[in-house]
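Read through the structures below before going on.
In the two assemblies presented below, subunit A is common to both, partnered first by subunit B and then by subunit C.
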Partner chain A sequence: MPNLTINGIAVAVPDGTTILNAAKTIGVHVPHYCYHPRLSIAGNCRMCLVEVEKFPKLQTACSTVVTEGMIVRTDTEKVRKAVTGVLELILIHHPIDCPICDQAGECGLQNYYMTYGLHKSRYALEDKVHKKKVQDIGGQIVLDAERCILCSRCVRFLDEVTQTRELHIFSRGDHSEISVFPGRPLSNDYTGNLADICPVGALTSKDFRFKCRVWFLKGAESICTGCSNGCNVEAHFKGDILYRLKPRENEAVNRSWMCDFGRLEYKKANDARLLAPFVREGGAEKAVSWGALVPRVALELSRAAEAGPDAAAVIASPQLSNEELYLARRIATELLGTRNLAFTHRAPGDGFEDGFLIRADKNPNSRGARLLGIPDGAAFDALVERIAAGTVRALLVFGNVVGSFTEAETAALLSKVPFVAQVGTNDGPVSKVATAVMPSASFAERGGTFTSHAGRVQRFRAGFAPRGKARNTVDLLVELANRMGAGWTFAGEASVFHALSATEAPFAGMTYESVGSQGQECKP
Partner chain B sequence: METVLTTHFADDRYRGLSGYRRTGGYDALKKAFAMTPEAIIDEVKKANLRGRGGAGFPAGVKWGFLPKDLSRPRVLVINADEGEPGTFKDRVIMSRGPHLLIEGIVISCFALRAHACWIYIRGEFVREARILDEAIAEAYGAGLLGKDILGSGFDLDVTVHRGAGAYICGEETSLINSLEGKRGWPRLKPPFPASVGAFGLPTIVNNVETIADVPWIVTHGGERFAALGCEKNGGTRLIGVSGAVNRPGVYELPAGINLKEIIYTYAGGIRDGKALKAVIPGGSSTPVLRANEIDVAYDIESMAKIGTMAGSGGVIVIAEGTCMVRALSVLMNFYAHESCGQCTPCREGTGWLKKIVGRIEAGKGRVGDVELILDLCDNMMGRTICPLSDAAAMPAQSFVWKFREEFDRHIAEQKCPYGNRFL
Partner chain C sequence: MSFEFSDAGRREFDRLLTRYPDRMAVVLPALHLAQRELGYVSDEAIVHIAERVGTSPAYVEGVATFYTMYNRKPVGKYHVQICRNISCSLLGAEHLIEHVSKKLGVAPGETTPDGKFTLSKVECLGSCGTAPVMMVNDDYHENLTAGSIDRILDGLK
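For the complex of A and B:
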């Protein structure tokens, strides 16, 4: 633990810590562009120069490892002049197109200019080196070489993280620019991260460009629902529209990254949403109020349960949270007294996984469903057989697919059930044939926990209220259960989780506080 | 005056192995094999042999930076890139005395316990690369390279690696990157090459001239080599004099000889009877001297005292009538072209300097441009991974400091007072 002082403040940090990180521990921000905590140190932007006693030259804080007794100053005139000087040099070729640049609002150049720059340009306009503007270089990325400050983060990301090495720096001197080789565009499943790590507007997201100014966006801590890896994300929204997902740091799960497929998961919160409850009568959809619909669904389910053992059934979904699955299970077993309970996967796609973040299971909570005693596989197949045999009289389905059935197969199967109630977020094969459709909140509109493939229980939070007339699933299930005489007093997902952790061994002792923002391993 | 390197360079036969041997070539190697590696390093330290590539770091001390542990192979890399404008002495060694370099390499590798050596040669030195290849083939044929050299049990392979034409690859860490097949970008230090160098191995990078001095040191002893030069700067130096002199060329002279003597006695004084205007003393990156500053010893410390450097031994002589703005403009074009683009101050600064100096020379200078040059140089000096930024800023700064009135006149008159015009 070397002891040193930074700007006169004594600090002790572990061996091998750099000045930049040591400064961070005492709240001293050292400006930087090329340094990224997840990438190798390049030391080329030269923004992080600091004074170190006994060193004749300024040192880069990103690469200089602290030593015992070191005396560092980041607040001297010499340092300020160096930082300002570097900033001026970066800005001579960086176009000041902030008004149309998509990075405006979260641009390192803009931010540092306000702190360290505020200079008049001394560069002659005609001297500017022009580089290629809007270039589609593949993946989710558009490159504007003129805005690039050559920090090389993107090049290092593709060398070190994806190891696909599509981007290189070409040419020399002030003609240097990043680009791909002709005919060799970005070709990996993690290109979206390039827009995240680019400190300026050189690499922007094709999907997000010009959709919304970032300062209008609000964020909520969330979990990607694209697969069972449980990547930690930040959901960015304005009003009740979700605009993008950005990876949120979690060393144990996804570090600072997320895949391109997961990044586009946000669209599910916007597109093809079920926004108002309806019933299907004589083949026609008919809008109903929640007040009329919930009692009717409760009644139909209860009647089926009374009609005979296992005449009611519940098909759960691994897209549901632990809390929702827990309630669904209790409805099936305690209120309906049925053994017809299983969960159905979202169509697994091609089952692709890459050994990094992308998992074959494209559901966020299969592990949670199994831990809560809801089976899949053979149990689900058996349930389908019973439905096909016509023994099920009322069915509660979560989600919009059944197994890997096509739309026609789904319709054929569900036609065997006199009453099909669906709780779903998006339009799909089930909502097209269900007797009663109960729209539920998307992952951005509700809170709860998912259990990742690795058994990590992670919390996601509601960003905004459910769109349209959609309802929070927990609230909906509580009301439905109470209509069937449950007498539950749950108020929101936190209270459900409290009950769940009290009775379900894998989750024993967990609270929302202990799960925190980084998750907690469930008991084996 | 005793010479170390060039004694036989006038003899064309010296280039071949038999001619080299006739003058006692490879006797130093036999002597070295009878010594311990430590004893050889001691002699090099005693010799006060300072690196001849420009930085002037003591060679023996540098060798001592190799890790003690021998579990990883070590390598020697010869820096034969010689890209500094005004410097052209290593090519003379390689073309006139290639075996001198090879003998130096074998002795040095034996002392360093290295069994592989690469000669990284500037791509443009086509002829020198061919001569080296021929000499290396001869050496292999005679058992002077390869397995069990001269029955000593010592093995060594030497490979010539031709660069692809980048000045920056003369900087030792970008040279290593280039040798490894990567882009020639300088590496952040630490780690230093002595611990993690070429191919991740402990590496010593030495200039051609430095290594070519080693056989003489082994033959005659380090103290005698040291005595040839001056205090702290042992031996002789190959000094390449170019520009407006009567006898431009490469001269082997004792370290510490007077710069004025180099120009007037050895290089024959200024051409066409003109007066001396300025001297760039150690290759194009070193701060320029005015005519009245050249009565100075040509060694590292004396040159540092007057704010310049002996560098790589390239003395560029500028006569009266030469436009200093034009001269600087040529230099700035070079550095802007050669900046690798890695560090911001160099990438943007060299290009900016080129444009400012270029427009002053073209009669389009603006009031404030001279101050801008100085401030820009301030923002470039010592701010980058390698010294290329300094190499551009040092001449720019010194040209302005010492010939300020020429810059001011260019701006005031909006033309070159010397009638120079860019075509």
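For the complex of A and C:
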């Protein structure tokens, strides 16, 4: 543990710590572009120069390891002058297209210019080297070579994280630019991260660019629903529109990264949403109020349950939270007294997985469903058989699809059930045939926990209120259950989780506080 | 169109592979080898070398474009490279470049229509003591004047 002082403040840090990270521990920010905590150290941007006593020249804080008794200053005139000079050099060939640049608002150049820049240009405009703008280089990325400051973060990311090496720095001197080799575009499933780590506007997201200025966006801690890995993400929204997902750091799950498929999951919260409850009578859709619909669904389910054992059924979904699954199970077993309870995977796609972040199971909570005693596989197949045989009179189905059934297959199956009530977020095969459609909140509009494939219980939080007339699923299920005489007093997800952790062994002792923002392993 | 080394080139490449502990180190000599066989480094050669070495074409392109001795476009039979860095400049390299440009009828970076000469400006040939300097293919010519350049270029078949 070397002891050193930074700007007069004494600090002790572990062996091998760099000056930049030592400074961070006492809240001193050293400016930098090329340094990234997840990538190797390049030391090429020279923005992090600091003064170290007894060293004749300024040192790069990102690559200099602290030693006992070191005296570092980051706030001297000499440092300031050096950083100002570096910034001036970087800006010589950087276009000032901030008004049309999508990085504006989260651009390192803009931010540091206000602190270290504010200088007049000493460079003749006609000497400027112009490089190619707006290049589609594949994946989710658009390249503007002119904005690039050659920090090489992207090159190192593709070298060290994906190991696909599609980008490199070509030519040298003031003609240096990053690009792909002709005819060899980005071809990995993590390209979106390049836009995240680019400190300027050289690599921007094809999907997000020009959609919204970042300073209008608010963020909520969330969990990606694209597969069972449970990558920690930040959901960025304005009003009730979700604009993008960004990876949120979690060393144990996704470090600082997320895949390209997960990044586009946000669209499901915006597009083809079910926004108002309706019933289907004689083939026609008819709008209905929640006040009328919930009692009706409760009545139909109860009647079916009274008609005989197993005449009511519940198909759960691994897109539901632990809290919602717990309530759905209790409705099935305690209130309906049926053994017809199973969950079905969302259409699994090609089941692709890559050993890094992408898992074959494209659902966020299959593990949670199984831990809460809801079966899938053979149990689901058996339930489908009983439905097809016409023994089920009322069905409560969660989600927008039934397994990997096509729209026609779904319609054929559900036509065997006289009353189908759906709790779902998006228009799909189920909503096209259900008798009663109850729109529910998307992952961005409600809170709860998912259990990842690895058994990590993680919280996602509501960014904004449910869109349209959609309802929070927990609230909806509590009301539905109470209409069937349950007498539940749950108030919100936290109280459900509290009850769940009291009775379900894998979750024993857990609270929302203990799960926190980084998750918690469930009991084996 | 794909690139393949000649039989001799392939043997040389295999020999080079045994020379370094790290395969990546073969990129530089392999590019030289390709340039010796083609006169320049083609896109196909870059893809081929990347595959043989086990890296991406972008990585090899990054190396090839870092060094000025690799030609990424075909050059003439004689590649005339005139240094314009500080010592050569002070001793009139700019005028010599202009002189050769006029004599050959091409601007720096261009090749004569008969494919005989390509003229390039380069940043440093590392021979300040004998400036101004030019390189024609692999040969150095030092202490140049307009007259000596004329004699050298006129003497080339």
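In this text, the second predicted complex is superposed on the first by the 524 of 524 C-alpha atoms of A that agree within 3 Å, B and C clash if a C-alpha of one lies under 4 Å from a C-alpha of the other, contacts with A are read in each partner's own complex, and residues count from 1 in each chain.
One rule holds in what follows: contacts are C-beta pairs under 8 Å (C-beta built on N, C-alpha and C of every residue); 3 or more make two chains touch, one makes a residue touch a chain.
These numbers were taken from a predicted model, which means no experiment stands behind them.
In the three-chain model built by superposing on subunit A, subunit B clashes with subunit C.
When the two structures are aligned on the shared chain, A:5 is found in touch with neither subunit B nor subunit C.
Of the two partner chains, neither subunit B nor subunit C is touched by A:59.
When the two structures are aligned on the shared chain, A:46 is found in touch with subunit B, with no touch to subunit C. Applying the stated contact rule after C-alpha superposition, one finds that A:482 touches neither subunit B nor subunit C.
Looking at the shared chain after the overlay, A:135 reaches neither subunit B nor subunit C.
Of the two partner chains, neither subunit B nor subunit C is touched by A:518. Judged by the touch definition given at the top, the superposed model places A:302 against neither subunit B nor subunit C. Taking subunit A as the reference, the larger set of touched residues comes from B, when subunit B and subunit C are compared. In the superposed model, A:391 makes contact with neither subunit B nor subunit C.
Of the two partner chains placed by superposition, only subunit C is touched by A:166; subunit B is not. Of all the stretches 219-227, 327-335 or 399-407 given for subunit B, the clashing one with respect to subunit C is 327-335.
Once both structures are placed on chain A, subunit A residues 169, 171-172 are touched by subunit B and, in the other complex, by subunit C. Per the touch definition, subunit A reaches subunit B in the complex via residues 41-47, 49, 56-58, 60, 63, 81-82, 85-86, 88-90, 92-93, 122-124, 127, 129, 149-150, 152, 169, 171-176.
Only residues 164-172, 179-184 of subunit A touch subunit C when the two sit together in their complex.
Against subunit A, in their complex, subunit C makes its touches with residues 43, 46-47, 55-59, 61-62, 65-66. On subunit B, the positions that touch subunit A within their shared complex are 166, 183, 188, 336-345, 347-352, 355, 359, 366, 368, 372, 378-379, 382-385.
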